[in-house]
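These notes are about the structure you will find just below.
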Amino acid sequence: MRSVVVPIILLLLLTGCWDQRLLKEHSLILAIGYDLTEDGKIEKTITFPAKSGGGGQVSISTKTETISVIANTVKGAEIKTDEYSPEKFDRSKAKVIIIGKDLAEKGIFPALDSVYRDLRAPLYASVAIVEGTAKDALEVEDTYSLLTSDFYSQLLTTATEAGIIKDDNIQEICPIILSDGKDIIIPRITLLEDGKRAKISGSILLNGDKWNGKLNLDENVMLLTLMGEANKNRKMNLLVDPNEERQEKRYVNFSLRNEHRQLTWEHTGDNDITVTVKVSLQIEIDEYASDHLYDEKKAKQLVDSITKQTEKRAKKTIEKIQEANNDALGVGEKIKAYDPQLWQEINWKETYPEIEIVPEFDIEIIRHGILN
Amino acid sequence: MNNEGKTILSYQLFFLLIQTQIGVSIVSLPHDVFNTAKGDGWISVLLTGVVVQCIIFMYMFIIKRFPTYSWKQVCEALFGKVIGKFIVLLYILYFICLASMTLAKYALLLSAWMMPRTPSWVLLLLMLIIVLYIVTAKLEAIAQFYVLTSVILLVYIGFNIYAWKEANLTFILPIGQSGVPHILEGIIKVFPSFSGIELLLILHIFVHAEKREILKVATISNVCLTIFYTFITLTSLVFLSPKELKLVPEPVLYLVKSFSFKIIERPDLIFTSIWIVLVATTLTMFIYATKYLSLHMYKKGKSQFVTIFLLVVCYIIAIPLRKVYILQTVSEYFQYAIIAFMVVLPLIFFLITFIFSKKEVEQ
Amino acid sequence: MPYDELQETLAENKQTLEKVFQHTEDLQVQMMTLQEKKALVCSLKTMADDQKIVQQLTTMEAGISLKEMSEKVTNIQDMVEAILLGNTVVLVEGKQEGIVLQTAQEHERSPDEPENERVVQGAHNGFIENLDVNIHLIRRRLKQEDLHVTYKTVGKETENNVAIVYLKGKANEETIQYIEDQLEVMQQKKVRVIGELVNYLLRHVKTIFPKKLYTERPDRTTAYLTEGKIAILMDNSAIACIVPISFFAFFQSPDDFNEQIYDGTLFRFIRLASFIGALIFPATYIAIITYHFEIIPFEMITLVKNSIETVPFPPFFEAFIMIVTIELIREAGIRLPSPIGQTIGIVGGIIIGEAVVTAGLVSNVVVIVIALTAIMSFTIASYEMGNTLRILSFPIMVAAALFGFVGIVASTLIILFHLCKVKVLNTPYFFPLAPFDFASIKRILFRIHRETMDVKKK
């Protein structure tokens, strides 16, 4: 027995390790950007940390370097990047994937194919679409002395925590892009001051996997509320008293403490579908310069006007997403699951922009800070 | 071989069966069943459990008629010496093929998921070394070992429960969308995942328990296994969208790959590594059955040499099978072989036993 | 000549004796008159206790019957043996026999607490090199008539007394019979230390794990005796050897029982966890750095990457070098007197550790990993288990260097199966886990003690 096993083990030892992937010999890609060039090729931009002093001492470099290459496909570009570096690039720890506008308009899924296929892919990297090119976004100058990748990933995480965008990672967007009755929204980044700084400016509405419209931050917050993405940090700012003299007194600012969404639909006539999105919100007033909230009547008035304003904004948002043929609310999904007959009858992609979606809000003030 | 006696206890039989049945195909089960039964795949799995339960009753009928006969003796009692021996030989071949298929699939999956550059013959060798070490021991030790390794199933359940926070129930609704024919067709796809229950026919003589107790244990293990499989399938079905599930051949691993924790950012690496334990336990039992049957049939030969010979045979068969498309085609055909040996042949046994009311002859 | 009978004349006997002892100068042969008879008192100065000789001779002189306190020798051979044991032989003129007086010197240390099995609280005495004292220490704790002691003599030249101690009724009869049979065989073999004896007893058990538990503590020994284990003690050895033993016994300490259930269990689990940790920690490091670095978080990976950037060796050798260094320091320190031992520790730990990192030969991370591993391996109460641990961690490291995590899983799988397979004297080695026994797990792992459980049942 032993005489068989021992030679085999020795044999294995002698033949060496095939899958060896020494950390030492790899340069870690921190962020990846994909663009489409004018002649239809893929331009891939990667950032990686600049080499620091070394020696035994630990020092973390805060500088990054960027390389851009153009090739026919994403994987082709990846092979080319290796020509530029003494170390092999490894993308498994990338934190952010940024997609340029041109590519997003043509469809992002083919570009991501290699990521889904790769066993070491950074599936939990955040995704963002930039208005402009991803290359410019990754070469942004002012990153608050963070690594470019950290800058973007923290930007997205913080914004998600604040409830103004939804930061889906690569893995999370895949089932939504591939599902029939739901579409995805992806955070939008805008470059300012000639590409010196970057900021989050809302989101991109994808139809399938193609850019088909955009929302600004206010609308995006509204959309997230309509989607039922509950977040206790989400805030809204609404114009409630347009007649007040002072600018500050015209507005109310509140936080959403509790959100509940209900989606119902009615099928009347041939292709007449009316969808009602009923959202009940419990809010806490953060800023309301007119005060007088001790008076219940006054408070009721305020609630009424808040409801009116939110519904107005919601309608505008819904208009926009229907225009973009983006079913971020997942209406199709619900109909498919609970009314399969109706689903069979209609072609959802064609029907969706036509249907009527009515937002209904039920708002309740539960607190108003420590002031009345 | 026969003198090992009744060394395993009934609770050990439970783990022995479960660990043998949960094997290489656990990671791809949701995909396989989805291809035919779509979002209703989990119903197919449940139904398969019911079918397998009937098979267990059938097995138990045969076992009750021949409580102390070994499998070879049963075959000979029912079909005569020559044909009986031939059937045992068929079973030996069947288990060898089963082991080879398992090996090939293991090598393929491990290459795809963790070690793309390691030649798969090395991965096969690694597995065979583990199996060789385990299978040469006594069944008692193997059974004890299986009880311990079952902890791994808890890891599987844990990860799958975790996945439910991202669940989207609309993926499987409406229930029954794919229609009865597809759901029934799905049963055939699930069957290979239940293979291993036929070992009950061979192992029952080692169990230190009443036959009634064995039936109870087999039933409990089948119920647990069915629930486990249904749960795993259901999780993948609600986690991955239908179109995505079509693209992902190993949804269970894919699902874990998309998780990320603070310290362990890629739990799937650990998950895939411990999956080889399940493969090893399954393989070991197949090889053990083959070894037992062949030693029993020829009465000669040293157990260790037979084991090594069998492993080499499996290795040689597995080598050409370890390519994606070849394996797909072969397993397409092989699932009928599994049905033949799990259902059809025992059914013939059952009918003969029942109609001619055959019984064990007291010696 | 040695089997010659004793002669009647003292002078002749004296001459023979001196010849047998090669005229060694510590042989005392004195002529004196005892009860008005001429007598020759023979003893070895270095082995016999002068005071005892004087005392016993006085009694003899007084004419008190000596039958109870002495035996007779009739030939030279017996006489020489008696003298060699430290006894005194009195030859009386005209008689062809000698009277043996029990005068052996006894130099014994007191039963102090053993160095390597200290406890924080509890009993502080330990076994010494005297078999009778050791059994006395056991009996004092275990006042039961069931406590059974069997003596055997083993060893061809050394003739050591061996005692098999067990509780009749609790210990397995077959095992006792087996041990007794084997000890019969041992009479013809050379036995210098108790280890040789036990290794021979357990020669059929093929395992790298310690098969027997040595302890120098009487309280620990009695605890095992009550569990039905058998203790083997040998004269001139200050240890009791407990067989058959199971894996988890090596993680228990008498301290656990003194404390409450909660901390006792916690510490026991810390020991078990450090065993597993020390086993796979270096291998995990190798696997991660060589194969799966994507598993660790990004912030950590940059730290690690920076520190290994200049290391010239592959991770396996890097870890290997550090482990060997630590083993060297340990091995060097263990035999040295403690002041020098401390110096070795300082030289090894601080100077080598620091210099090797600054030179860039190994990385900071590997030093941390290996140091942690070493500390984990020292938490295990048993020295033998610690050795096993160190030996076993090498194959796992090799497997990790070859196959990454898959290698670690494969090798631990084999080790686990080995544990399930091994039986020591027909007792499963991995007991409460294989075969699985929930009640014993509660008792052995969670330290829910049998007594408390009995109380609950009532």
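All chains are identified by letter, namely A, B and C, in their written order; residue positions are counted from 1 within each chain.
Here is the rule we use: a contact is a pair of C-beta atoms (placed from the backbone, for glycine too) under 8 Å apart; a residue touches a chain by one contact, two chains touch by 3 or more.
It should be emphasised that the depicted structure is a prediction, and the values quoted were computed from it without experimental measurement.
Averaging Cα atoms per chain gives one point for each, and the point farthest from that of chain C is the centre of A.
When every chain is reduced to the mean of its C-alpha atoms, the one closest to the centre of the whole protein set is B. Spacing of chain B relative to chain C, judged by their CA centroids, is 47 angstrom.
Distance from the chain A centre to the chain C centre is 66 Å, each centre being the mean of its Cα atoms. If you average the Cα atoms of chain A and of chain B, the two centres end up 43 Å apart. Of all residues in chain B, those that touch two or more other chains are 114-115, 118, 126, 129, 133, 265. The multi-chain contact residues of chain A, meaning those touching 2 or more other chains, are 12, 17, 19.
Multi-chain contact residues, meaning those touching two or more other chains, occur in chain C at positions 294, 298, 403-404.
Against chain C, the residues of chain B that register as touching in their complex are 9, 11-12, 110, 114-115, 118, 123, 126, 129-130, 133-134, 137-138, 141, 144-145, 147-149, 262-266, 269-270, 272-274, 276-277, 280.
Residue ranges on chain C touching chain A, taken from their complex, read 288-291, 293-294, 298, 301-311, 314-315, 357-360, 363-364, 398, 401-404. Contact residues on chain A toward chain B in their complex (touch as defined above): 1, 4-5, 8-9, 12, 15, 17-19, 116, 119, 123-124, 169, 171-172, 174-176, 178-181, 330, 333-334, 336-338, 340. Those residues of chain B that touch chain A in the shared complex are 112-119, 122, 125-126, 129, 132-133, 136, 166, 168-171, 173-174, 177, 239-244, 247, 257-258, 260, 265, 304, 308.
Those residues of chain C whose C-beta lies close enough to touch chain B in the complex are 292, 294-298, 403-410, 413-414, 416-418, 420-421, 428, 430, 433-436.
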